[in-house]
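The data blocks that follow each hold one structure.
Shared chain: subunit A. Partners: subunit B in the first complex, subunit C in the second.
After this line comes the complex of A and B, so read on.
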């Protein structure tokens, strides 16, 4: 990873000058910012020293095969597939494109819609200065996803992106930019997936969502990496007046994940529902930092993250509710529930409130518990073997999240995926 | 070489957390018969129920349990259920997020060699629910989650009806029920009685036995069966209480 490599990337894709410059600025930030260490509060429970950044190659050709973990197909409005950060396939139904909707890879969008992309891309929601990995992404990203929904347009069918990583020893830089103008509606589902790889790999991802006044975004982001893959990502959504986001994060596979999921409620009356499902087996380590950032008055956020862990899996949840001065009438709720299926599994929830406004309501709660032996005994007394009883209890544990998940049509796919993962362990 | 058809408890000693609760129980339940076990609180009634079903917290230190000649003392609870044993819980556990219908179908399929078709399953479930005066929507509710006392007990009997065990243990099925609910539950049990099924009714009060008629009554006090008799023994206990069976107190 070098400055020359960044320049080569810009030349290879014949990029406009503003983008090539942005990459080089980001590279400079990357070089200047220190590698995080466990002394940093953000990395207290995930050791960045386990990541061998200097042994990773930032490019790879598409290779191998990937499959949608949700096994979604057919009935979607559009699909972008990329492997090792190279776009291999993209489609958008004509009738959606005719409404002025843009759904393409971010590189193509940067060339075909430079004004739009330049205005939003890594400017406000996530910018390269927030940290070393965001800067690295800004320097090296390729492929990516760009969704633009014009004012008042509703996209009924889900739009999907499939990000694949198929080799050991590489770094990919997934990058998603979603822009919904005022009154627009859309559902976007992204899946990150890899087959087993022989060496450590990294996805350093960035996701940004701009939800305009009265707009409604449903955002599902799913991770199903193999055991040697690291994921260090930041995703942040900015919400306009009276807008809404329903955001479900699912992690059913990783080596080490350290991901920030943040909503900035910038417009009065905005509402954010943030949901999380984490299933950990073997020695998977997932570390989620969430932020419910109440910037405007009379905004509402409701967060529920649940994890079930077996073997030696670890789950860290650091959830922050921030209410800035003047954001009165804020209503924020946060709950983190963890169930442990083995002696060595562990969960570390830490809620965190920063409240600078009056007349607000903020509640939070976190629990960690072992799987209930009496529930297992009850199910087993009906002839259900222990493994199946465990699976039933865990599926039931996640069910309230699924019931709140807004895309009813994929609920069975989610249930099947979770069931498959439970069977594998 | 037909095995003896019976649920046979031989010299059963059970320990819970270093304390011996059952001190040598002998009891045989035959198909087609209803046995009642009565006794004061703390006498070991629920320990017997949980031990029969194989709760891991109850350690059998001596004796054994035979189901139609097969020793089930060391079997896991699910294997006992497959062998034909059923326990109606005094305090059924709730399983959030799991619907009754899903739970019942899983249980029915787990205890049978061939899975039932979804259509046959639904039909049988609806019929049994109607007998227990349960509304259809009950099937879509989460297992025991937010159920009233009466709903929980009806749900237990519904499971018994769906699983059709050879031997059923009813642990304090009357507790927490008003008279109407008690009648519905008892009618449900009586509808299942027949020459094929043996039942062990565990109860503190005689009241339930007005509705589910026992063939035999046993009195369990201090971890031992201290008296055996017919239905008249239950009536006698109702009048005189358990005092005459209690061991002399140290005080």
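After this line comes the complex of A and C, so read on.
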């Protein structure tokens, strides 16, 4: 990874000057910022020393085959497929495009809609200065996803991106930019998937969502990385007045994840629902840092992250509700539930509150325990063998999160996916 | 040769500085901290070689450790601008007139007797309870209980001290524990023999001629099998000090079936950094209860801990924090399950007023293989004003599946409905607010000895005055 490689990337895609400059600025930030260590609070539980950045190639051509974990093939409004560093396929149904919706890879968007992209891209929600990996992404990203929904337009069919990583020894830099103008509505689903790879690989992703006044974004991030893949990502959504985000994060992979999922409630009346399902098997290491940032008064957030862990899976949850001074009338909730199914599984929940306004209601809870023994006993007393009974109880554990997903086909496919993953272990 | 020189120095010290008659003595080390100062402290105290080595080892650790970067801001502490050893008798030079007005007023309002006030303010040489203390000491002595200041403990019971000192909190535990280990002075030494129940709480301020309200006090409590003791530290009256840093270490050993309760009402004056390490090793079927109230100081960082080392051990932390203008109370507790079938509870109540900031910070750790452990953590915070701040930072490290760990926390302001209810019954708003705050801390106040509970309530009333609007 070098400055020359950044310049080569800009030339290869014949990028506008502002973008080429932005990459170089980001590269400079990357070079100047120190590599995080376990001494940093944020990296206490995930050793960044385990990541061999210098052995990774920052660009890889498409290769191999991948399959969508969610198998939501039929009724979608648009699909972008990226293999390694390159967008290989993109589509958007004509009737959606006719409404002025833009759904394409970010590189194409940067050339075709430079004003729009430049206005939002890595400015306010996530910028290269927040950390070394965000800077690295800003220097090296390719492909990516850009969604723009004009004022008042509702996109009913889900829009999807499928990011595949198929080789060991590479680094990919997924980048998602979602812009919903006032009153717009859309459902966006992104899936990250890889086959088993022979060596360590990395996805250092960035995701940004701007949800305008009264707009409603449903955002599903699904991750199914293989064991040797690291994911170090930051995604942040900024919510305008009376807007809403329903954000579901699913991790069924077996890799190492250190991901920040953040919402900034910037307009009065904004609402954020943040859900998480983590199924941890084998050596999965998941480290989620969530932020519910209440900036404007009278905003509401509701977070529920659930993880069920078996084998040697480790789950870290570091959640933060932050209420800034003056954000009166905040109502924030945060819950993290962990079920440990094996002796070597481990959970490290740390739900934090930072409250600087007094007219608020903020509550959080965290639990760690084994599988509900009463439920298990009930099923086994009816002749269901232990492993089957365990599976049923775990499915039930995730069910209340799934029930909050309003689209039946997505809900059903998620349930199937979790069922398949439980069968695998 | 070194040895004989040493013993000569010791004799010289005894003679020249009259350490056997400390009440005649005034001594103050120079500002700052280095090897010479530590050696000087140890030499002035006429300590055994092992303690001197312990101090010097701790000093090296202190020097090599970085300052903690988490928690409250400690950037203002200048370690080289502090007197590390002041013979407490020096305080007696102070007169009642020199005691700040606000502290005198607080004494008045708390209804503390004149003699006690003088003692608490560090100006009185005598204190009525001296008689009480003497008869108490006799009772205790008959039961084989040792209750001394730490320096006397080291002189009179060197074997016991050597066996336990620094075993629960080694100097390497953290930078401030290392600092205390190198310059400690005063504190309490309590030894309760097997099966002995000490009926009345042992209170630190009974030890009048000792170096009790020290800056770097060091307390060691050993409860032998099946014994019980309640130790009470501090008092609700503000402790006036010109020192800006207080860094104590408290080590407690609760042996099989024993129970220890340690109650603190911390009310340092509002210029003090109060950075304290408190920890208990709890053995089989033993119980440790920390009752920790923090009202004073500028910044407090204190997380009383229970290390549950054998099955059946139980740990409990009750924490109350009240932060008003300019204060940051970073308090909480730790429960470490290092044996199966151990249980823990942490219960925290914090109140922030004006620009005050309270932070709950805690840890629940369960090591692999420690099945059947249970811990519950409950944190409630009350914010009284628009500029008040409250944080909750609980950490859980659970590496065993057969456990039950729960944590819950809420942050809110005083409920309008509660306020309305009281005011509709003719209670003035400020009284109503104070009443609600007292109700909020009631679950913990009721665990205090009665006189402390009363004083705590009065103190909160004082803090609440003028809090309307």
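Assume the second predicted complex is superposed on the first by the 421 of 425 C-alpha atoms of A that agree within 3 Å, B and C clash if a C-alpha of one lies under 4 Å from a C-alpha of the other, contacts with A are read in each partner's own complex, and residues count from 1 in each chain.
The rule is short, and it goes like this: contacts are C-beta pairs under 8 Å (C-beta built on N, C-alpha and C of every residue); 3 or more make two chains touch, one makes a residue touch a chain.
Nothing here was measured: the structure is a model prediction, and the numbers come from that model.
Peer 1: Check the residue A:385 against both partner chains and state whether it touches subunit B (first), subunit C (second), both, or neither.
Peer 2: The first partner, subunit B, only.
Peer 1: Using the touch definition from the top, say if A:225 reaches subunit B (first), subunit C (second), both or neither.
Peer 2: Neither partner.
Peer 1: Of the partners subunit B and subunit C, which touch A:393 in the superposed model: first, second, both, neither?
Peer 2: A:393: touches subunit B, not subunit C.
Peer 1: Touch test for A:192: subunit B only (first), subunit C only (second), both, or neither?
Peer 2: Neither partner.
Peer 1: Which chain, subunit B or subunit C, is in touch with more residues of subunit A?
Peer 2: Between subunit B and subunit C, C touches the greater number of residues in subunit A.
Peer 1: Just subunit B (first), just subunit C (second), both, or neither: which does A:350 touch?
Peer 2: Only subunit C; A:350 stays clear of subunit B.
Peer 1: Output check: A:377 vs subunit B and subunit C. Expected answer is one of first, second, both, neither. What do you get?
Peer 2: Only subunit B is touched by A:377; subunit C is not.
Peer 1: In the complex of these two chains, what residues of subunit B are touching subunit A?
Peer 2: 53-56, 76-78, 80-82, 86-87, 89, 92-98, 103, 106-107, 110-111, 142, 159, 163
Peer 1: Quick one: which bits of subunit C touch subunit A in the complex? Just the residue numbers, please.
Peer 2: Result: residues 69-70, 368-369, 381, 383-413 of subunit C touch subunit A.
Peer 1: Give the list of subunit A residues in touch with subunit B in this complex.
Peer 2: These residues of subunit A touch subunit B: 372-375, 377-386, 388-389, 392-393, 395-400.
Peer 1: Applying the document's contact rule, which stretches of subunit A touch subunit C when the two form their complex?
Peer 2: Those in contact with subunit C are residues 39, 41, 325-326, 328, 338, 340-370.
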